[in-house]
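Below: one structure in structure tokens.
In this document, chain identifiers A, B and C correspond to the written order of the chains, with residue numbering beginning at 1 in each.
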Amino acid sequence: MSPILSVRGLTVRYPGTARPAVEGVGFDLEPGATVAVVGESGSGKSTVALAVSRLLGPAVAVRAETMTFEGRDLLGLGREELRRLRAGRIAMVFQSPSGSWNPTRTIGAQLVDGLRAAGRWPERRDALVALLSRVGIHDPESRLNDYPHRFSGGMLQRAMIAGALVTEPSLLIADEPTSALDTTVQAEILEILDELRAERDLAMILISHDLGVVARLARHTLVLYGGRTVERGPTAEIYRHRGHPYTQGLLAAVPRLDGPRKTPLPAMAQGPVAHSGCVFAPRCPRAEDRCRTSEPALRPVGGIEVACHLAGEPGREPAWRM
Amino acid sequence: MADVTPLLELRNLRKTFIAGARTVQAVRDVSFTVGPGEIVGLVGESGSGKSTVADLVLGLERPDSGEIFYGGRPLPELLAGSGRGYRAAVQAVFQDSVQAMDGRKTVGWSIAEPLVIHKVARGAALRARVAELLRAVHLDPALAGRYPHQISGGQAQRAGIARALALKPALLVCDEAVSALDVSVQAQIVNLFLEIQERYGTAMLFIGHSLPVVRHLADRMVVMYAGAVAEQGPAEQVCSAPRHPYTRLLIDSAPSFEPGPSPAGPRRTRGEGLPAAGCRFAPRCPLVTDTCRTADPAPREVGAGHSSACLRAGELTVAETRPSRFSTEKRRPG
Amino acid sequence: MTTTEPTSGAVGGWRRPTPTELWAGATVLVIAVLLIAPGWIAPLDPYRLDVSQRFRPPGAGHLFGTDDAGRDIFSRVVYGARNSIGAALIVVTVAAVFGVVYGAAAAWSGGILDRILMRVVDLFLAFPYLVFAMAVAASLGRGLTAALVALTVLWWPSYARMVRGQVISLLRDRHVRAARTLGASGPQILRWHVVPHTYDAVLVRYTLDLGQALVALTGLSFLGLGAQPPTPEWGLMIADAKQYALTAWWAAVLPGAVVFLTALNFMSLGDRMRRAGGTR
């Protein structure tokens, strides 16, 4: 199947900063597939989302070898074409449930605005109500008249998802869609997103700081650190191989329900992003001289791609024990 | 534990808030204890009342009924007058330490503040103690001169802990103290709490919504749902052999490293209203019976130091709870 | 109770001042010179009568010309700053300090006391200031003091109301909750964590009010309810000059322009500070 979204060599630089926030990031996304972009704050993962949806202002330099969506060059589109694209074909869901809603207008009015912008009102009215019910909003017809403060964070996020999907987009960009929510609600919303993706052949970019959250949903994962892709490949393989010390550190740092208790967690030290050599070298317990001088390229190592000089070398123990 | 006087005892606490025309029963009959040097984890989702419990313990709110004892003495008596003795013994670590510090004051000022309020030190001794506290939480003493917004989230959280440790408290109330942090920073702060318990013997009431994180730190665990205690017991036992369906749901919802659908499955929480009678969890419960909708279950002993407020707790055995995690058929992720 | 503040390890480091800060600094400097040493600027004695120099138009010897008694208008304007800007400073400063304390106290006490205190504020805000100024002048005797008292008494309530609102919201702030768990007393919380956070807004209002108070004070003097002759005061100078405004326009127009420009300076500076989110 040909990819719906193809990104190669994406580089983003904010004005007045010494180095790009994102450099050389690339991935392909097929209809109905999910790619996860994982990293901690400052890794550039949200910048990737904003760059793909072209929501970064004109002052931000966005460059890419390729960035095509449904065969069209995203970097070559005009303002009106972009607006139409975002109103219909590309949908976004952000982290903050309350920050995404205007507190002075009803939920229904705001959802209708979205449909109007896409030129799909009132045609998709019934679809909207059905979708609200589908994402878990009980009695949607009456709840549409409520103001946002009457909704819990989880309910706002459900309504946001319904609003995003009602225009039948082919791509959904979800930036930490459940990070502000309780674990039970988080699990439920992610499950609903996954069902909707499967039914509608929706392509999804799922951005998260938590590898545990994306494990169940994304077939492919990109791990970002300091704006660089440090590991890329099928999610299951990444969990199995943990090729990059940063991925190993991320996974080892999270307590697990079946893990040991009351013992120190293997926590990565903090450190700056390196300006030369491997971006992760200052925090890496295995860094050698070559890591500080030459930057490792992404290369295939047993089913995944890893940007680490030491990956795949025999006799190497994982940097952090689980 | 029974023969030791608990450091903190909460007995039948109730607190109702009135918001406009609605009344919210934030805390309904909550009882549990924290022993000296013990970490008690308090888990629940937002609206479960766990943060109200923290506010009650910190004396920021007064209960409508019920009592809090610290070292065997009731809280109103301890807070009478300046209340400084209790304030010094029970300190708080908040979710967002940047916000908990005054943005117009330096980090060093904020850490020195409790020492000044309680007249513990001044002048050069004060500065030395601030530096010592910063080192105790593995921060560079030079950070004392920075403002809260000039340091990273992890550094702010450590500074918040240093501030809470300044008066050598016997109990730390940690309200979502690691929830907003990146995973590597979260791990460091979890380790710091473990180190504090070991080094100073500080007891903690550790409030969180992440079951794995709380399980990692806690000796005992209290699970709250809709203002009441659903289950409490030894942390490992609660997590490996939960005796309340809500605890089981929490376990199934925890982020997993198993690719494939969540074992919890989509459990639609249609409608947010809580039932007025019966078990508050009944609408979400897979094991619900007709009795559950009418009778409000009281906590019952289900094991040594382990209690559950579920009418069917006796039927929830180890054999029944564990396999649910793995029995679901695997679907290929997208 | 003695409350020594925790020592703040102050961060050193100098940064380039913003244009707003430069503007505010220049204003403060000019006013300081006008109030402390008007003699450095004024070429002549503002009280010196010289009938031979009556009604001289603005020119080389007399920058703003002379009045009917041959006094140098520019020198009178410079010395008059003490009575005009100086008086405005006193009115607004006293009002601001009292209003901040009053508003913070009302917010802190809450409940019935807060309601009573704020009723008093409403009462003052509803009072027509000219009527009040005339009443004060009648009881204290006409003069700058009466004008000062009248304006100050009517000026503080706006500060009280503004600060009360801010303090109520600040008291709910997380850093105040945190300070309570440390055992900080009410006065400590107010002094350390609440009142300083109102300073930015108070400073903006203070600057805007200086302009308004100046206009109000010169207005009262113009109406004869403020400074009395021969005091050099801007409003009074304009009032005196109106008798011969047709022969010597400068005697009324130039002091009037000074009032206008001074008030405009304060108000646009205040407006700019508000848009900059207060000066740090």
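Definition applied: a residue touches a chain if its C-beta (ideal position, glycine included) is under 8 Å from a C-beta of that chain, and two chains touch if they have at least 3 such contacts.
All figures in this text were calculated on a predicted structure; none of them were measured in a lab.
Trainee: From the centre of chain A, which chain's CA centre is farthest?
Mentor: C
Trainee: Top contact pair of chains, counted by C-beta pairs?
Mentor: Highest contact count belongs to chains A-B.
Trainee: Measure off the straight-line distance from the CA centroid of chain B to the CA centroid of chain C, and report it in whole Å.
Mentor: That gives a centre separation of 52 Å.
Trainee: In whole angstrom, what separates the CA-based centres of chain A and chain C?
Mentor: The mean C-alpha positions of chain A and chain C differ by 55 Å.
Trainee: Calculate how many whole Å lie between the centre of chain A and the centre of chain B, each centre taken as the average of the chain's C-alpha atoms.
Mentor: Roughly 30 Å separates the two chain centres.
Trainee: By residue number and range, which residues of chain C touch two or more other chains?
Mentor: None at all.
Trainee: Quick check: in the complex, which residue numbers of chain B touch chain A?
Mentor: 45-47, 152-154, 182-188, 190-191, 194-195, 209-213, 215-217, 219, 235-236, 239, 249-262, 264-272, 332-334
Trainee: Could you list, by residue number, the parts of chain C that touch chain B in their complex?
Mentor: The touching residues are 3-11, 173-175, 177-185, 188, 192-193, 196-197.
Trainee: Give every residue of chain A touching chain B within the complex, in rising order.
Mentor: Chain A reaches chain B through residues 32-34, 40-41, 136, 138-139, 152-155, 182-188, 190-192, 194-195, 197-198, 204, 209-213, 215-219, 235-236, 239, 249-251, 253-257, 259, 261-268, 270.
Trainee: For the complex, which residues does chain B have touching chain C?
Mentor: Residues of chain B touching chain C: 58-60, 82-84, 87-88, 90-92, 94, 96, 99-106, 108-110, 112-118, 122-123, 126-127, 144-147, 163, 167.
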